Structure formats: structure tokens, C-alpha cells
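These are the structures, in C-alpha cells.
Here come two complexes built around subunit A, the first alongside subunit B, the second alongside subunit C.
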Partner chain A sequence: MSSVTFDRVRKVYGDVVAVDDLSLTVDDGEFMVLLGPSGCGKSTALRMVAGLEEPTSGDIALGNQVVNRVPPKDRDIAMVFQSYALYPHMTVRANIEFPLKARKVERSVRVERVEAAAETLGLSELLDRKPGQLSGGQRQRVAAARAIVRRPQAFLMDEPLSNLDAKLRVQTRIQLVQLHQQLGTTFLYVTHDQVEAMTMADRIAVLHDGRLQQVDRPSDVYDRPANAFVARFIGSPPMNVVPATITIDGSALTLNIAGLALDLSTKFRPEDLKAGDVLLGIRPEDLIPAEDGLQATVLGVESLGHEAHIVAQCGGHQLTARIANPRGSLPHASDVMRFAVDADDVHLFDATSEQRIADSTSS
Partner chain B sequence: MSLSQTRMSLNDGAGTYFRSRRARVSETLWAYAFLAPSLVIFAVFVFYPLIRTAHQTFYQPGLYPDAPQRYIGWEQWTDVLGDSDFHATILRTLLLSLMTVLPALVLGLLLAWLVNQPLRGMSLFRIVFSTPVATSVAVASLVFLILLNPQGGILKVDWLTRPTPALMSVALTNVWQNLGITFIIILAGLQSVPDDLIEAAKIDGAGPWRRLRSVIIPTISPTLMFAFVILTIVSFQTFGQIDILTQGGPQDATRVIVYDIFTNRGSDPGAAAVKSIVLFGGLVLLTFIQFAALNRRVHYGD
Partner chain C sequence: MNAAVIGRVATYVVLAVLAALLIFPLYVAIVFSLVDKPVKILTDPPVLLRDFNWRVYPDAFTNGDLGRYFVNSIIMSLGIMAGQLVTSVLAAYAFAFLRFPFKKVLFALFLATMMVPVEVIFTQNFQLILDLGWKNSYQGLIVPFLAFGFGTFLLRQAFVAIPSDLRDAAALDGYGHFGFLTRVVIPLARPMLATLSVFSFLLAWNQYLWPLLVADDRQYRTIQIALQSLVSTSPDKLNQGYAAVIMAFVPLFLLLIFFERQLVRGLTAGAVKG
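The block that comes next holds the complex of A and B.
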């Protein structure tokens, strides 16, 4: 087992910068998720660890060893592909055995390890089938078995669940987390699905346009997004981020938005703020329908049963509110309603850099 | 019924199930209408000559010019099939085929594999290796005639006048002539192998040789089978090279079936006809055997 380190890694294709100045350490035994929208460079980062791409500059290290020029077969890592990339002409057994054969592991050891891996992933009954005769979920498990059979230093996974249906995805998520706990090996897992990231990761690394935005535990990424991009990316529905202004009068800190003046002195310190434009971030669940507060005109309501989303127009900006367990009547389009906002739930981002503004709760 | 409807129903078997009987009849008529041109060509240029040839196997020319043909029946077949010269010709043909197909297949695979590596400048090699496709038999043969000429030739070797080297020279010309098309067919196969599969094999620890053997070749086996069948058929039909390089000599060393038929055509048309039918039957049989044998081992995707 070993850690995986990116040290100022950059990867350029022609004039596309796929990964830009990435520095990140995945600790030994950690489950790290690389999260970001399509095209942000997640796969490229992963493929550099696998040795399928060479960094344009910077270093990739496994443990203490820089592996930039080490070919994939000598890196002692395993990878699960989105397509699973099972060898179609081989049986499940032969697929799982292939990495051992390629490494000239003795036959008796191979048989034993294949059985053990198949057992772990519940494939014992399917060993003599070909991949073409398996369901999507079974194929996914064969791909995982092929990865674990070698007991590598680290597992790389590129969107391994994206070809599964929603229900199977939930099950497999849980199985993968169990597998991680069982093996205790370093996992580097790529996805664009924030639910996967939130539910599986020890830590999440959020990427955008090839740049690292934030690395934190899932709850911190959710509670303290490092910038407006992360704020808008995480959460379902994501955080509302709208322009507002701050006025400072002595020790009185006031946030002004659409006619509402909110006292921020409970959460923010005067030395962290300056008067003028700012970006206000507020989670949909923190907008609470009330008699008093932010006034908005309802544009539409989506009810999901266990919750409802109210999309409303407020001072030229669109806000989404989330109502848990909606009982009784929901508002209708063009209704005018008010939302209470608690200063403790307010996130502030610098209007130009979009970076998070520190508050008195942050360490 | 419109063209697009016809196409749709040809593609979609389930869709036609509920169609009326009349619609189905008219569809069949349309299908024949579209097939008609190729059926006519097939009938005139393949089927009719085949029947004529089969008919010819039972006749001998008259004893004097302008005399009517004589019917001799199966005697002609037993004569030809019992002829030890013909047995030697068949063996020679098989040998030439072997010496053509295997090297062409191995070389074609190797070249295509090398050229398919993601390296700079490979597109140039792709074009170069494909050029024999655009070369006629005559040109290919002339190239080797010049190469192999013992006096003014480039290799200055005396291969064409000695039996075994002569057959090998014909095979060599054959390989060269067919390498381009083999290369193109196999390259197309290689390019259809998913990148993921190769990358997975790399990460699983397989070196280039194991990747080729355990992943690439099994994946493109349908393509290889196709190339194999084509090459076998082409090699059985070798004619131009022999006519230009050796005329069947020396000492009949390059007298393969087609050339045998060619030299028989005037003097013994009945025998030539029997040999033609034997060649035809042999090729059909061989093709079936190859498909049947390889079918079981070939992987056709999932």
C-alpha cells in the first residue's frame, strides 16, 4: 500500500491545458474522490497515475518513488475502467487471472487468489461465463475482482458506476466502500457525481478547468465550500449564489440584499469583511418560508414527495428553496412569498476572486 | 411502397410480423427487383460458364478439326483424377498456397501492428505498406523478374531456373502482391480494438508481446479469419506471376492447377474442365472448412 502524490503536475494537449498545476496527496489507505464537471481533467489526472499519460511537467509519486517514467506494468496499481474493459474472449476466471499470469505468478497461487477475489465479489458461480453473458453489475464486479486479485498499492477507478442503473449504483457504492474497508488500500476514484463523492469519499478533491478547487472531507466541502464554484457544484439543488452588498458601521456588519438587511455580526468578524460588493451563498434548505424576510415571486414548484423545491425570483436573481417533508399546500407560480435567512447559514465569497470569506466558525 | 419503408422492414424483422400478407408479398417482389441486376450478372458470368464447364467434363474434342465433340462420360473424370501428374499439381498448389498465406498473414499482422503504434510519422508507413494494393499482377511480377534476373538483376540470383527456388519466388511475388490488402484488412481490424482493452492489459502487467498474443489477436480473430480465407482463395488462383516469371517451369516446378488448366485448354479441354471443377469444388470446400473450424474459436464480440 502506498500514498499517491501529485506535485505541481501539469498536462497539456496541444493548446488544451487538461490538468493545471495540480498538487495533491492521497494518503496511504485513503479513499479519495476526484470530483468535477465533464472535461475538468479528472480522467487525465487518473491516467497519469496509471502511467497511460505522461505529465507535461511536475511529478507523480507512488509512496516515495517518483514514477513519471515508469511504465504502467511496473507501477503496481490497478484500474477499473468506465467501460470495465473486460477481455471479451476470456472467461470470468481468465479475466481475473490475467494480471497474475502477466506477472508470472505461480499456478497454484493464481488459482487460490482468483477464487478468493471471486469470493469477495460474489462471483464464484460465474467463473466460467464470458463477459458477454453477464449483466452490467456483474461485469462491474468482474472488473473490480480483476483489480483486487493482484493486491496492488493503489486502486484507480474512472467513473466505474456510470453504466449501472440508479438502484444498482446505490448497492455498488456500498459494496465499494466495504471493499475499501476490507482491503485498506488507497483508492483514487473519479466521478462527476457529487452523490458518489459525498457518500464514499474520505476526502473529496474538487477540480474545475484542470485546477484543484478544494480538498476536504465531504462534510467540509458541503459546509465550507472554498469558493463560489464549489458552492454551486455541490448540493442538490446546489447553493444559491447571488450578488449582495455589505455595509460596515463601527462593529455593525450588515448584508443588504433585495431590500433585506441582515445583521452578520454573529458569524463574521469586521476584520475579515470590507464594505461593498460580495457574493452571498445560501443553501436551499436554509431558505425557510416565513412571515418576514426575503421577498420573492414564485416561478415554479417541483415536488419530489419527500421534499419540494421552490424556484423563485428575488431582486433580479433566481433562488431555490428546499422544503423537507412538505405537508399541506405548496405555493403556486406567481405567488409572492417570504423566506427567513439566518445569519449563521450565510456563506460569503469575494465578489471578484469568488474565494470564500473567512468567518468566526472557521479554524 | 416507398424505398425507406422497404429498408425499414428489411432491418426490423419484428416489425414485419404484424404486416398484412399482401404487404409481405409486395415486399418480396421489391427485394427481387433490387437483387435482379446482380442476379443477371451472376447468371451470365458465373452460373452459365459453370454449367458449361461441368457439361464439358463429359466430352472430348472430335478426332479431326470441325468434327463434333465425342461423349465419353465419367471416363474423363477417372482419367484425370487418377493422373499422378495431376496429383503432383494439386500438392504443388497446396504448397504454394501455404507459402503464400502464412507469410502474408504474419507479415501483414506484424506491419499493421507496428504501424498502429501511436508514434509520429506512422501515417507515412501506412501509405507505403498499402501501395502493393494498387499494383497489378503484371507490374508486381515484372518487379520480381527484374529483381531476380541472374544477369542484369538487382539480386543477381538464379532462382527462376531451379525448381524449388522458382516456386518460392512465385510465392514471394504472391506475398508481396497480397501484403498490401492483408495489411489494410488487418489494420482496420486493429483500429477497431477498443483502446481501453489495450490500456487495461498494460496496467494488468502485459508487455507488448503478451498484449498482441492474448488480447489483440483474439479480439481481431474475425478479421484474421477473413484475411486468411481471402488469401487462400487468391493463392489458389495464382496465374499471372507464373505466366510472367516461369511459365510453369522449370520442370513443371511451378505448374499449379490454374496454370495446368491454362495449358490444357486447347489440347485437352475436357481435362481442363474437370480440373476447373475440382478447383472450384476444392475452394468451396476449403472455405466451408475454414469458416467451420475458425468459427468455434473466433470471438465475435458480445
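The block that comes next holds the complex of A and C.
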């Protein structure tokens, strides 16, 4: 087992900067998720750890050893691909055994370890089948078995669940977390799916346009997004981010949005803020239908059974509110309604840099 | 009858006519080869087999000394086939999986060799073979054909179809280029390798002009040259000539049967999602 370190890593393809100045340490035994929209450089970062791509500059280290020049086969790293990358002409057994053969592991040991890996992933009955005869979920488990059979220093996973159907994805998510607990090995997992990131990760690293936006525990990424991009990316539906203004009068801090004046002095100190434009972030669940508050015109309502999303127009901006367990009657399109906002639930971002404005409650 | 049935019947009729056209020369050769009195072929060509004589085949074999020529043809064809497989696999692998400068230009050059008729370079090749002292030798028959642009092209297309994730997975599993080539690429490209083997053997076996130039010694003469001499030197033994033609065809026929399943897969590879 070992840690994985990116030290000012940069990867450029022609004119395109895929990964820009990435510095990140995945601790030994940690489950780190690289999260970002497609094209954000997360897969490139993963492939550089595997040795399938070479960094343009910067260093990648496994444990204390810089591995920039070490070929993939000597890195002692296993990877699960989005396509599973099983060898179609080999049986499940031969697929799992393949990396052991390359390392000239003795036959009896090979048999033992293949069977142990198959047992762990519930593949014992399928060892003599070919990949073509397996379902997507089974193929995914064979790919995982081929990765664990070697007992590598670290596991890399490139969107391993994206080809599975929704139900199987939930099951496999749980299995992967259990596998991580069993093995205690470092996992570096790439996905664009925030639900996977939130449910599986010890820490999430959010990437956008090749740049690292935030590295934190899932709850911190959700509760204290580092900038407006992270705020908009995490959460379903995502956080509402709309322009607002701040006025400061002595010690009175007021946020003005669409005719509503909200006192922020419980959450912010005068020195935290400057008067003028800001970006206001509110999670959909923090917009609560009330008698008083932000006035908005309902554009549409989506009911999912356990919750409902109300999309409404407020002062030229679109807001989404989430109502948990909607029991009574839901509003209809073009109804006018009001939402209460608690100053404690407000996130503020700088209007130009879009970086989070720290509040007095954050440590 | 609906349109679909009529269409089907029409398809079968057209296919049957085409099949008959292709099989007819073979049929004629078989009938002529079994004729008892060969002179009749010229004056009164038989349409149906009547008084056939099986002795024609062993006679043709011994009179023409075909055994020797068969062996030469087999050595030459297998040599060319094996050589072309090795060079084409290696070149195709490089074009499909390696990164190197001028890759596209070099591949275009390989393709360009397919546009040049092989006869164009015969004189230069012949001069070289003379200079090397390889006239009347197996290497003289084989070596000029060891590089094969078409084979490289065919296999490169098959290799490119192998997902690059498999290359990456093999690299992480601990295999270099050679391990990946022998354990993954070759097994997966087997249908295309079979196609190339048959094609390359066929071309080599049917060569006429080059063996005629290089092997004028009987010891290295190939079956196709022998056929020509058998037919032209003894017009009264036309039936033996036809018998020899049929015998020369047998190895190709066996090869096709042997590889048939792989061949069909090879020729239609990538046609349907599989």
C-alpha cells in the first residue's frame, strides 16, 4: 500500500491544457474520488498515475518514489476501466490470472489467489465462462477481480459504474466500499457522478478545466463549497447561485435580493464583507415555502414522490426549491409564492473571482 | 406470392447462375482430365463423362514428375506465407499501436506499394538475385516476396479495431509489447490472420512469371511451370495436362476448406456489431 502524490502536475496536448498545476496527495489507504464534468482532466490525471500518459511537467509519486519514468507494468498499480477491458478470448479464470502470469507467480499460488479473488467478488461459478457470456455487472466484477488478485499498491478506477443500470450501480457502489474496507488499499476513483462521489469517498477532489477546485470530505464539499463552480456542481438539484448586493451600515450587514433584505450579522462579521455585488448561494432545500420572504412565480413543479422540486422565477433569476415529503397540495405553474431564507443557510461568493467568502462560523 | 418471396427466388436464381458460371470451367477440366482418348477433346469435346479412365491421374503424376514440383511449390508457398505473416504482423503492430514520427507518411508508402504491379520491379529484383547468386535456389523464389504491403494493411485494420483499453490493461497487468502481441493481439486477430494466410499462400502457389525467371533448373521448378510444360510438350496427352491442373488445385481446395470458417469471419469482420 502506498500514498499517491501529484506535485504541480501539468499535462498539455497540443494547445489544450488537460491538467493544470495539480497538487494533491491521496493518503495511504484512502478512498479518494476525482470528480468533475467530462473533459475536466480527471481521467488524464488517473492515466498519469497508471503510467499510460506522461506528465508534461511536475512529478507523480507512489509512496516516496517519483514514478514519472517508471513504465506501467513496474508501477504495481491496478486499474479498472470504464469499458472493463476484459480479454474477450480468455475465460474469466484466465482473465483474472493474466497479471499473475506476467509476474511469473507459481502455478499453485496462482490458482489459490484466482479462487480467492473470485470468491470475494462472487464469481466462483463463472470462472469457465468467456466475458461475452456475462452480464455488465458480472464483467465489472471480473475487472475488479483482475485488479485485486495482484494485491497492488493502489487501485485506479475510471468511471467503473457508468455502464451499469441504475439499480446495479447502487449495489456495486456498496460492494466497492466494502472491498475498500476489506483491502485497506488506496483507491483513486474517477467519476462525473456526484452521487458516487458523495456516497463512496473519504475525500473528494473536484476538478474543472484541468484545475483543482476543492479537496474535502464529502460533507464539507456540500456544506462549504470553495467556489461557485463547486456549489453549482454538487447537489441534486444543484445550489441556486444568483447575483445579490450587500449593504453595510455600521455593524448592520444586509443582503438585498429581489426586494428582500436579509440580516447577515449572525453569520458574518463586518470585516468579512465589502459593500457591493456578490453571488448568493442557497441550497434548494433551504428555500422554504412561507408566508413571508422571497416572492417568486412558479414556472413548473416536478414531483418525485419522496420530494418535489419547485422551479420559480424571482427577480429575473430562476430558483429551485426542494420540498421533502410533499404531502399537501403542491403549487401550480404561474402561482405566486414566497420562500423564507435563513441567514445561516446563505453561501456568499465573490462576484468576480467566484471564490467563497468565509463566514465567522467557518473555522 | 408476395414481393419478399419473389425477391428471394430472384436472388437464388441469380446466385445459381453465377455459381454455375464459376463452376463450369472446373467441371470441364474434370471431364477433360478423365477422357480416355485425348485427341477427341480438340475435335469433339465431351460434355458428359462416359468412358472415363482413372489411370490418367497417376500417369500424369509420374510422366510430369509432379512430385518434385509439388514439393518445390509447397516449400516456396509456405515460405512466402510464413514470412509474410511474420513481417506483416510486426509492421501492422507498429502502425497500429506504436507512436513514432512520420507514421502516417510511412503507412501511405506501404499502401503505395500495393499500387505498383509486381512485374514492374521484376528486372531489379532479378538483377539482385543474380548478384547474390540466388538463381535456382529456394531463397531466390521466396525472399523477394517477404514484405507485403497488402498484408500489413489488412492486419493493421484488424489491429486498430482492438480497443486501446486492452493495450492499457495489458500494460498494467505487466505485459510489454511482445506479451501483448502474442497473448492478446494475435489471438484476437486470428480470423484476419487466417484470411491473410490463405490469400498469401494462394498468390504464392499461383505464381508463374517469377519462378519461370529464377528457377530454370528442374530441381527448383514449381508446379505451375511444370503444368505449362506438360501441356505444351505433349498435345496428345491433353487429358494428363488437365489431370495435373486438377491436382495442382487440390492443395488450394483443402486449404480453403480448412480455413473456411475463419475466412468467413475474417471477410465479414466488423460488418456487424459483435
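We adopt the following convention: the second predicted complex is superposed on the first by the 363 of 363 C-alpha atoms of A that agree within 3 Å, B and C clash if a C-alpha of one lies under 4 Å from a C-alpha of the other, contacts with A are read in each partner's own complex, and residues count from 1 in each chain.
By definition in this document, a residue touches a chain if its C-beta (ideal position, glycine included) is under 8 Å from a C-beta of that chain, and two chains touch if they have at least 3 such contacts.
In this text the structure is predicted, and so the values were computed from the model without any measurement.
S.K.: Mind checking the superposed model to see whether subunit B and subunit C fit together on subunit A or clash?
M.R.: Subunit B and subunit C clash in the superposed model.
S.K.: Pick one for A:Y13: touches subunit B only (first), subunit C only (second), both, or neither.
M.R.: Neither partner.
S.K.: Quick one: classify A:P131 as touching subunit B (first), subunit C (second), both or neither.
M.R.: Only subunit B; A:P131 stays clear of subunit C.
S.K.: For subunit A, which residues belong to both interfaces, subunit B and subunit C?
M.R.: Of subunit A, residues 50-52, 71-73, 75, 77-79, 81, 83, 85, 87-89, 98-99, 102-103, 146 contact subunit B in one complex and subunit C in the other.
S.K.: For a test of understanding, state which residues of subunit B touch subunit A in their complex under the given definition.
M.R.: Touching subunit A from subunit B are residues 194, 196-197, 199-207, 210, 214-215, 218-219, 221, 299, 301-302.
S.K.: Touching subunit C in the complex: which residues of subunit A?
M.R.: 47, 50-52, 71-73, 75, 77-79, 81-83, 85, 87-89, 98-99, 102-103, 146
S.K.: Can you list the subunit C residues touching subunit A in their complex?
M.R.: Its residues touching subunit A are 163, 165-166, 168-176, 179, 183-184, 187-188.
S.K.: So in the complex, the part of subunit A that touches subunit B is made up of which residues?
M.R.: Spelled out, the residues of subunit A in touch with subunit B are 50-52, 71-73, 75, 77-79, 81, 83, 85, 87-90, 98-99, 102-103, 130-133, 146, 150.
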